[in-house]
Every structure is written in structure tokens, then in C-alpha cells.
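For clarity, chains are labelled A, B, C and D in written order, and residue numbers in each chain start from 1.
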Amino acid sequence: MSEPLNVADYAALAAGKVDPKVWCYFEGGAGDEVSLRANAAAYGRWRFRPRMLVDVAEVSTATTVLGAPVSMPLLVAPFAMQGLLDPDGEVATARAAAAAGTLFCVSTATTSTHAEIAAAAGNAPRWLQLYVVRDRQRTLDHLAQARECGYSALVLTVDMPRLGRRERDLKLGFQIPADLPLPYMRGTGVSHAETMAQHFSTTPSLTWDDLEWVAAEGGLPLVLKGILTREDGALAAERGVAAVFVSNHGGRQLDGVAAGLDALPEVVDAVAGRCEVYVDGGIRRGGDVLKALALGARAAFSARAIAAGLAVAGEAGVRDVLSILHEEIELGLALLGCTSPEQVTRAHVEPVVPYHSSPV
Amino acid sequence: MSEPLNVADYAALAAGKVDPKVWCYFEGGAGDEVSLRANAAAYGRWRFRPRMLVDVAEVSTATTVLGAPVSMPLLVAPFAMQGLLDPDGEVATARAAAAAGTLFCVSTATTSTHAEIAAAAGNAPRWLQLYVVRDRQRTLDHLAQARECGYSALVLTVDMPRLGRRERDLKLGFQIPADLPLPYMRGTGVSHAETMAQHFSTTPSLTWDDLEWVAAEGGLPLVLKGILTREDGALAAERGVAAVFVSNHGGRQLDGVAAGLDALPEVVDAVAGRCEVYVDGGIRRGGDVLKALALGARAAFSARAIAAGLAVAGEAGVRDVLSILHEEIELGLALLGCTSPEQVTRAHVEPVVPYHSSPV
Amino acid sequence: MSEPLNVADYAALAAGKVDPKVWCYFEGGAGDEVSLRANAAAYGRWRFRPRMLVDVAEVSTATTVLGAPVSMPLLVAPFAMQGLLDPDGEVATARAAAAAGTLFCVSTATTSTHAEIAAAAGNAPRWLQLYVVRDRQRTLDHLAQARECGYSALVLTVDMPRLGRRERDLKLGFQIPADLPLPYMRGTGVSHAETMAQHFSTTPSLTWDDLEWVAAEGGLPLVLKGILTREDGALAAERGVAAVFVSNHGGRQLDGVAAGLDALPEVVDAVAGRCEVYVDGGIRRGGDVLKALALGARAAFSARAIAAGLAVAGEAGVRDVLSILHEEIELGLALLGCTSPEQVTRAHVEPVVPYHSSPV
Amino acid sequence: MSEPLNVADYAALAAGKVDPKVWCYFEGGAGDEVSLRANAAAYGRWRFRPRMLVDVAEVSTATTVLGAPVSMPLLVAPFAMQGLLDPDGEVATARAAAAAGTLFCVSTATTSTHAEIAAAAGNAPRWLQLYVVRDRQRTLDHLAQARECGYSALVLTVDMPRLGRRERDLKLGFQIPADLPLPYMRGTGVSHAETMAQHFSTTPSLTWDDLEWVAAEGGLPLVLKGILTREDGALAAERGVAAVFVSNHGGRQLDGVAAGLDALPEVVDAVAGRCEVYVDGGIRRGGDVLKALALGARAAFSARAIAAGLAVAGEAGVRDVLSILHEEIELGLALLGCTSPEQVTRAHVEPVVPYHSSPV
């Protein structure tokens, strides 16, 4: 293959480089992977409505999330165990995100420590993705560390009362290596199911009422990740969260749910401007990000595109993936007739169906 | 293939193990198999709307059908001649269903006797599927045996005034073996068409008015199997049946009818709570069962998944298939934010089409 | 291949037997063959709504067309040059149709004479398909022969002011053989385009006002073949034709028009019972015929199914094709809960889309 | 391959003849080529509603665009660097268009001079496609030449404030040859991106207010090419342009926008007869042109069909492609029941969806 030109090229290179028994963990989804495929397909159901003869000599992709300035509305989604893809793991990703001027949301299941990541990221904004686990003390300890290590928001994952059944991992026999450092997860295991369940032993009894103590202990703005319905969007806004993160967990939890993008409009409508809304799932192009903006997202997150870059070339790979997406977003804004992300509106997209004027 | 992880794995193993001239009978449908494929495809037209931050520490899949407690809303549908797949035939299925705590609906066309099945099933609930055949005395005899052998409901098949044309059987030359015991069907034959027509010589003149004598003779709650329209659903409810079983007979009768799941909502609306409603056709995942519940079914039935387990490993295979589906249902409930089948509502699913908010 | 069980089997056998340079003429359509494929696909957009517990002990497929009794609502459509497929040509088809008790609509472009066909058909009803050609005297002569040879209706083709462009013929170099008898068409030619245009030199100036002299000269009930819009259906009914024949000419005239079945409902609505309506295009199953009835057709016609039978086994092949369709229609009626074609109503079908009850 | 019978045949021959590193430039689109494929697919979502028994003995495809008579409503769209496909480049195309009696819209990026093209075209109507480049003096010079060289309208491209990212060119390493004459573009380059950006250095600050000076300097009717929304259609009509040209630039600018045909109806509705409307994108058949007319276009343009003819056989190839399309348009008009392009109305097409009469 020639030099990778786009995210799909990086994904193909990564699939050819990483051990399939490891790559399956990053690429796979739950069950029949219906929701995984839905993520990628969702963008194709919307098309752009570009406006012409707008002065786009000066285009900026910069925006803010929870007040933090970022170079573009594409942020790095949390994903686990980045040390499986590159020796520098989250440190490499943090450096690349900082260089790109965008935000890195760090997973609970890191292979690096928060201190290492903080050192790598410098002043770039970082958020911490949080699982509330069965042992509440561990969560409290984790929150304390988050405050100390410079995270500026907590992204609480709410769609994992149990771990989804990821059959690709089971078919290929994916194992978390016994010697893989996981400083914020407990223990190591032998069988996949046990290992995964042991590591990701989130509490199944978390409810809306728990948000108060999480927020109080965290002392940081709270983002709820994993919302897929207008009902939960409205509840989240009523509870005063800082942001709602629409996500189907990369198609890895309940198979058969909507793509993030498909659920986005109803959540945006329900939130009604009371907090920011983000989305992830299936982002492969800058145009995907622009569609997410048009449907009401403040920003979009990507995990698998970043994982591909990390697997192919470590920090340099992530930098290149972010650079490609940045350029695609900028070009897309100009061709849409917009000079900033804020100018992208619902009128810049429409469903892919023919417009039927009335017969004469 | 590695260990089977799901029903599709079992189906693939069964197709590789059973003589194609026999497997065709269990797998095939009528005509061009449009309705057969429709069954499997129907679930894909609905997606889940999961609710978050619900306490799902305790989830139970248990429910009841016609008052009988079952471990889950997935029951064993009637299908014929199970002795073709395993020497123990219906006895193996009965043991596995009983072990799983679910209900076994026994076909008229068993290769075991009701007494043998009753002995195997123990206290687990059993229903009897009934064809009203041309020779009414045979039906009366059959009903008498049903009462004696501990069946707790009659499932009257109403969609077979004539036998559907199953061309896969004809292409492959499926024959009912001359020595196969069929204690509740008459005779044996040589050519397929004759054999099948002879064995399944249901009466084409059965009408709504016959329900009275069937119910009276049976002395058991009556379930009508094979309903596909709101009109017939309403008639059934008016006649006071215990339940309506929405089914296209596994795509084996009139090719071109709706999938069970597609017909379910209109029947549920027409029945309007006057009796229970079940559905079958195309169940391959626990998620399929949950979609059926969301659309108004009290429970779903599966035949082909059970047949695959039976063919692969007899009683142990059926046990494993039921166990897989049980786990999938339980995990699905938890991830939907429900702690019991009764909590699954119409709001937990939506058609797979994009939600279009109004352009600004 | 084993014995042919259905029309698709016959089509496959015919394609393997007949010289491709000849078979292309019978199988091909115009342009990109969009309308040809649309014909077959149209039936798949409707599904059956069968009614249960109806006494179907006695089912008859018999019906009438323009008062003539036929054994079933499936009639033999006109198609040209049957002598290319079997030495007996239209004579074989006439015998088979008569034996099946159905109607044979004879093409203008026969390779047999009307006298030969009449002798073969006996008392079975026959209609004559008519092109009005540029040389009006030839048309008048043809009408005179029609009256003499026992035809009971004229089927005037109105969708061929020019011959459609059938590129499959051109690619394969189809030629009408110089020695092929075409008693009611003029001359023979060498190049395809010239030959076809010369033979099928219909007049492009035919208008609604010409119907009067055609009807007067013919002295027979007039059927208009090739109507595809509500506007033309209404005009036809106003002009007092005996029947409207909805057809896209087997996808052989203007590519990109609707399938016959797709146009049928709007024509039926426009005609509003003032005359009979027929349809053709894509009939491969008895179920297709039943869908046409449900959407308002009095009967359906098939050409390619008959051509396949004729090519495979001459008269016996046509008999078998008609027998297969007859059995499929009868079984379909019984499984729909109808005892005659007249009982099939619009409520027996519905579009293939999910029914969405309101969310609770 | 036998003699090419249609545009698809020409495209296949061209793809087999031209160096892939050159052909990619003509065939490729931007990004994932979603909009490129959408162009071709759009026509398939509409079907014809042909009217019968209309006198079509005399059919003329002739029409006018901005008052200029043309032999048919299919015009030659502007496309760049025709000298890459044939030594005579635009001169060959101009001769063929003139011979066919249709209009040639000449690109800014010609490899021939306007004087050469004018000499070749004779009295046939010619329009000039214009980019407004960063160096306004070059644009003014170009406009002066346009007036001198007999162009009768200016087609201002408004959808290229930046050059789209055409990855097929990048993958294959397309380079504009250093010695290729480009009399109205500046310089030559080495790398693709630089070369293309340098040559097509359109100004990104062009706005609606610039239309006045362009029109004043040009002294010719102004056509806006690249409009895709009702909003921009309305603005164009308000500004008094002579025509709006609905186009997605052959899928080469913003990937993910609508096909030209999909955007056409809303633009036609917004323009409301105040100026002419044209469309391009995906024209491969005369029937495509007729669908464009039915949806409100005055005429359709084609570039890739012309490029294929030019690549295969130079001027003779373009003549043949135009002749094929002319014949398809004429035959299509006759079979639609129309004797001129003006008779094609919105009622001659409908979306490809089934018509659902009400159930009885």
C-alpha cells in the first residue's frame, strides 16, 4: 500500500500489522456486531447541503468543549489498554493529541499512569473516563488521583452495568497479558471472560442518585457517556450534568442499539441546550464530524481511528491521523460555506431521500 | 470450528453433521422461502432504546405463560419428528427444557409417545400442539391422551388447511423413513408428497365454530397457532381463546406472508390485552426475544435453534442452546435497564430509521 | 438438474437449451433492463395477509374473462415467433392452453396461421393481439381474418409507436431467420434493426380516436394493452373499452417505466370498475397471480413462463408450466382462506413494511 | 467487445485504453466518492409514466438554452484538459458538438486556445466556464477574451472556493504533464497537490456581491454552476442570473453532497421560473436526460460520457456518443408520448415506490 491518505488506509495497515488476537479487542463489537456496523453506516444516511458564494478565505476549525479551547471538534475518545498497540501507549496518544491541539479523554483502563500521561500532555486539556466499580473505595481513590493529575472533567460511563459479550474476542481467544500494567484496574486473570469481567467489574447498581456523590467526590464537571435516548438525555440535563455523550460504546455493549449518530438528534432535542452534547461511533472522515455538528453535537470523539494510527506508527501515527482529520474538517467547512464549527447548522444536512415536488 | 458460542454456530454445526436429505426438512421453507428469510430479517428492522442508570444488580428472566412459571420468555416450539435428529428425540428435548426451566410444546408428529415425554419432563410445563385431522376420531383420541399425559394447554395449528409446498424437500428427495415411529400420525408412505400429505392430513374445513368442540373435548386452555392478521387476532380474542400464537409456521406454509415479528404488533393491538400473545420465527439471539417482548409478546418460541442443538449434541445440545439464549436474555435485560421481562415496553425499541428533527 | 418443480427451473433449463442468439430475444428487455427486472421484483414488495379457520375444503380457481370461463386467472400472454422455440410454435401453445382450460392470446407475429391455431385450440377461448401497422390495409385484412378464425376479443397493443431498443439482441446479433414463416408480418431482412423495424412497423400516429374504427372493423371486444398510468386508464374506460391490460411490454419498450404490478393499483382506481383490468410482467409463481388479483386485476398473463415451457418440451412443457401454476394458485387460495379468485381482496395483501404501533 | 452500443460501452473502452494515471483524473471523485456514485444512482430512483395513443409520428428533440437553438436538451459540460485524452482536445469536442447541433461549454482549463475552439465550432453555440482566480487581473483578461471569441454566456463555477480532495489522483500519482499547454491557467508544477492547487487557484472569497462585476466585465448572460440548495437557488434568481446550473461538480468537490438530480427539484421550486435551470452528473442514457427535464431542468449536461467518446476515438467518438444519446432521447420522447422536450412534465415521472391504494 502507498502512503496512508485517510483513516481507512490506517485501519487497513493496522489490521495487517497487529496480532489478530489483540486487534480483535479493538476492532470487535458485541453479538452480531449490528451496532458496530450501524455506527459506520449512519453517516451515509445524511448528505450535505453546501452553501455557495460565502467568503471562506479565513476558516478556523477551533472550538471549545466545556470552555476548553481545542483546535477542532474532533477529540480523542477513551479506549482501554493502549499499551497493547504501542509501547508508549497512552503517553504516545497524549503527546499526539497535545501536538494536534485537541483533547484526550483517558480511559480508566490505562496501561500508563495518570502522572505519566499528564507529563506527556503538557497543557493540553485532558478528561478522565470513569467506571464506578463494585469496590467503591477504588473509585474514590481514582477520583482523588484524577483531581491531582490535572484532569478537567469526568466522563462517567453509564452503559456498562455488565460487560457486553464480545464474541470476536472469545473466538480468537483474546487474553489480557498477565504482565500488562493496568494501574487503575484490579488483578490479572487467565480466561478471557473472567479476566474481562474481573477487570471491568463495574457496579450494576449505579443509578441517577449516585451522580451526586460522584460529582461531589470528583469535584469536576461531569459528562455522562453512553446515553442513547431522549428520556435519558432529559434526565441528564435535569440533573445538571455538564455534558451528555451519546454513544453506543463502539458497538461493544448491547448489540442492536442505534448508532451514536442515529440517537444524537433526539438527545439534542431533549437536552434543549441545557448542556453540551457529544457523540462517538464510526468517525472515519472529517465529513462525519461535520454531520455530527449539523445534528447538534458540540464535538465528536473517535477511538478506533486513533487506535489505528497508534498501532501503525505510535505517536507519529496518531499525529498523522489527527492531521488528516483536521484537514478534512477544514476543507469540509470551506466547501460547506462555513468559516467555523459554530456555523454548521441543521440546515447543512438532510436525510438521503429524494425530494419530491408535487406533480403538476 | 471452535466451541459453539451462539445459535448460529449450532446451526452451522448441525448443517455439517445431519444428512442433507434430512436436514432440509428442518431448515427449509415453502416456495421461494421468502417468508423463511423474512423471519430472520424482521428483528433487524427494530433497534433497542436502552435506559441507563437503572439498578440492575438483580435481574430475573423468569415470567409466566398462562399462569405457568417459566425461567425465561423463550419456550420450545413444536416441531415434528425429532427422532430424525437424535435417537432420544422429544425425550431429549423434554429433559433439556425441563432442566432449563422452560416450557416444551410437543408436536402432534412426535416420534416418542406422550408417556415417554411426560416421564422425561417431570414437573416442567408441557403444552400439546394439535392438528385437527380429517378423521375426527383420531383427534378425539389424541385429545384424550393429552389430558391423561399432563399437558396443560392445547396449541391448535390453524394455518395448515393444506400442507405447504416445501421444494427443498422435493429437490433433495426427503422421505419419512418407513420405520420411523409416529405414534400419533397414521401410516407410512413412499413418495414425499404422498407421505407428507398422508401424515399431515389436516382437515381443510376447520372453522371458528369448531373451536368450541375442540376446547370442550380438550378440557384445556386453547392457544391458536398461525394467526397473522389483526382480523383473526380480534376474532380469536372474541372467541375467548387463552392465547394467540403469531406464526408463519417457520415459513413452511404460504410463502410470501409476513414474518411472525412483522405481524405481531397488529395482532397485539387487535387483541388489546384480552389474552396472551406469543410469536415465533427466526429467533436466533436473546435480543430477538426481547424485541418480541417489546412489541407485545408474552413470550417467544423457537424451533430451529432447538433442532440445531438437538442435532449437534442431543439433550446436552439443547441444554446448551437454551443456556446461551438464557444468558443473552439476562444480559440484554440488564443492558436495556430492565430487571424482568415485564419491564420491557414498546418504548424499548424503535424502527431502524433515522430520527429527523426539524431543520432550524 | 432434477425434474423441474417450478417456473424458475423451466427458465434455467430453457436458457441452457436454446441458442443464446435466439433466447436473448425472448429473455431480454430494452436499454439497461431496469423495467425488466422491476417486473420480477414488484411482487416481492407485497406480502400476503392470510385468513385462518375458513372452510377451504372446496377451492376452485375458475373465473371468467370478458365472460369467457377459464380454469384459472392465469392466461397465456401474446409473444412473437413461437416457432423459434418449438417446431409446432403457437400450435403447441394453443393445445397446451386448451388442455389447461385457459385462454391463449395469440400474437400478430405468429409463425403459425390463425387457421392452424384455431384447429389446435378447439373450443378454448382465444384472443388476438393486434398491432396497427403503417399499412392500414394490412391491419384491416388481419382484422377480417380474426373474425373468421374464432377470436373472441382484440388485444390492441398501444405502447409501441416505435420499437424499443433491445440491446441484448444487438449484442448477440439476433436475426429473424430468413425462412421463418411470419404470415401476418411483412418481408424478411438481414440486419436486426432493419428486420425488427420492418416486421414490427407499427404506426406511430395511432390515437384514441382510432379506437373507433379498430373496434368497428374488428367487431370484437377491445382490450388496450400497454397502459401504465391512471390518466390513460381513465381515458380507456371513458372510451368504453372492454378491458385495460396493464403492461410494460415485458420491459421491452421504454426502459425505466414501472413494473406492471406497480402500475396496476392506480389504473384499477382510475378505471373504477368500468371494465376489466389485466396485468402481466414477471409472473413466476401462483402467488404472483394472487397478488395481482388482490390489487384489482381480473387475471394475469404470462409470456416468459410459457416460452420457457415451450422451449424445454414443446406442448408438454407448456402443459406442465400451466399445471404447476394452476396448483400453486389453488394451494395459495386455500392457504389465504379463499375458495375462489373472486374472494381475493385488497385486504389479503399489504406492502412489505413494518407495522408500527404507537409507543406506549 | 463488440461495437459500442451505449455510453457504458464507451466508458469501458476508455478505461481500457487510457493510462490509468490519467483516466483517474477524469473518472475519480472526492473522498470516498459517495457523491460520485450518487450521481449515477439518482436516476434509478425515478421511473417514467408514459402516455399512450398520442400521435408521435413527428418527434423533435430540438430546444433552446438562453435563446440559442440546440438539437437536443443534452449539452457538453465543461471539463478540463481534454488534450490529455486526444491530441485535438477541445477542438475535437467542439467539432463533434457542432456537428451534433448541440452546445459546448468550454472549461477555463483548456489545452486549446479559445481562437482554435472558435474556429472549430463554427456557428454552433459556445459558453465559457469561468473560475474567478486569486489574481483578479487574470480573470479580467479571460473575460475580455471570452467576449472576443464568440462565447454567448458565462458559466461561473461557484462550488470551488478550495479544490476538493481527489484521492484517486493521489493514490495513482496523477500529474499534469509539464509540457501540457494550459493557456488560461498559470504555470506548471511537480507534485499533484501543488500543481492542482496552483492551476486551480480559485479565490475563496468570492461572494454574491462579486456577481455584479463579473457580469459587468463579461457582458454576457451569467450562469451559476454548482448550486445545490433551494436557498442558493432563490438567491441566484433574486440576483437576476440567466440560469442556475445544479451540479455537484461530478462528485469532485465536497464528498457527501446530493446528486445533481436529487437537488434539482428543490432548486427548480425555489427559482420558480425566474430563470432557466440545468443539471449535470451521472448522465449515461437519453432517459436520464428526460428525467432531468421532467424534474424541471431546461437541459442536462454531460462531461464523462463525452470524455469517454473523446478518449476512445477523438472527434468521431464524441460524435458517436452524442448521436447515441440523441437517438435515445428521441425514442424516449416518442415512447413517453411526447413530441418535443417541452412536453415532458413532472407527471411523466414518479418516485420508484409502490402506489398503495387503500385497503377495502
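Just so we're on the same page, contacts are C-beta pairs under 8 Å (C-beta built on N, C-alpha and C of every residue); 3 or more make two chains touch, one makes a residue touch a chain.
Here the structure is a predicted model, which is why all the values come from computation and not from measurement.
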Both-way neighbours, i.e. chains that touch chain D and touch chain A: none
Copies chain C and chain D touch via same or different residues, half shared test: different
Cα-centroid distance, chain A relative to chain C, in whole angstrom: 58
Separation of mean Cα positions, chain B and chain A [Å, integer]: 41
Of all residues in chain D, the ones touching two or more other chains: 46, 347, 350
Set of all touching chain pairs, with the criterion as stated earlier: A-B, A-D, B-C, C-D
Partner chain C, residues of chain B touching it in the complex: 31-32, 34-35, 38, 42, 45-46, 158-159, 161-162, 164-165, 167, 170-171, 203-208, 210-211, 224, 226-229, 231-232, 235, 253-258, 262-263, 265-266, 268-269, 295-296, 345-347, 350-351
Touching residues (chain side chain A, partner chain D) in the complex: 2, 5-6, 43-44, 46-57, 285, 287, 291, 328, 331-332, 334-337, 347, 350, 352, 354-360
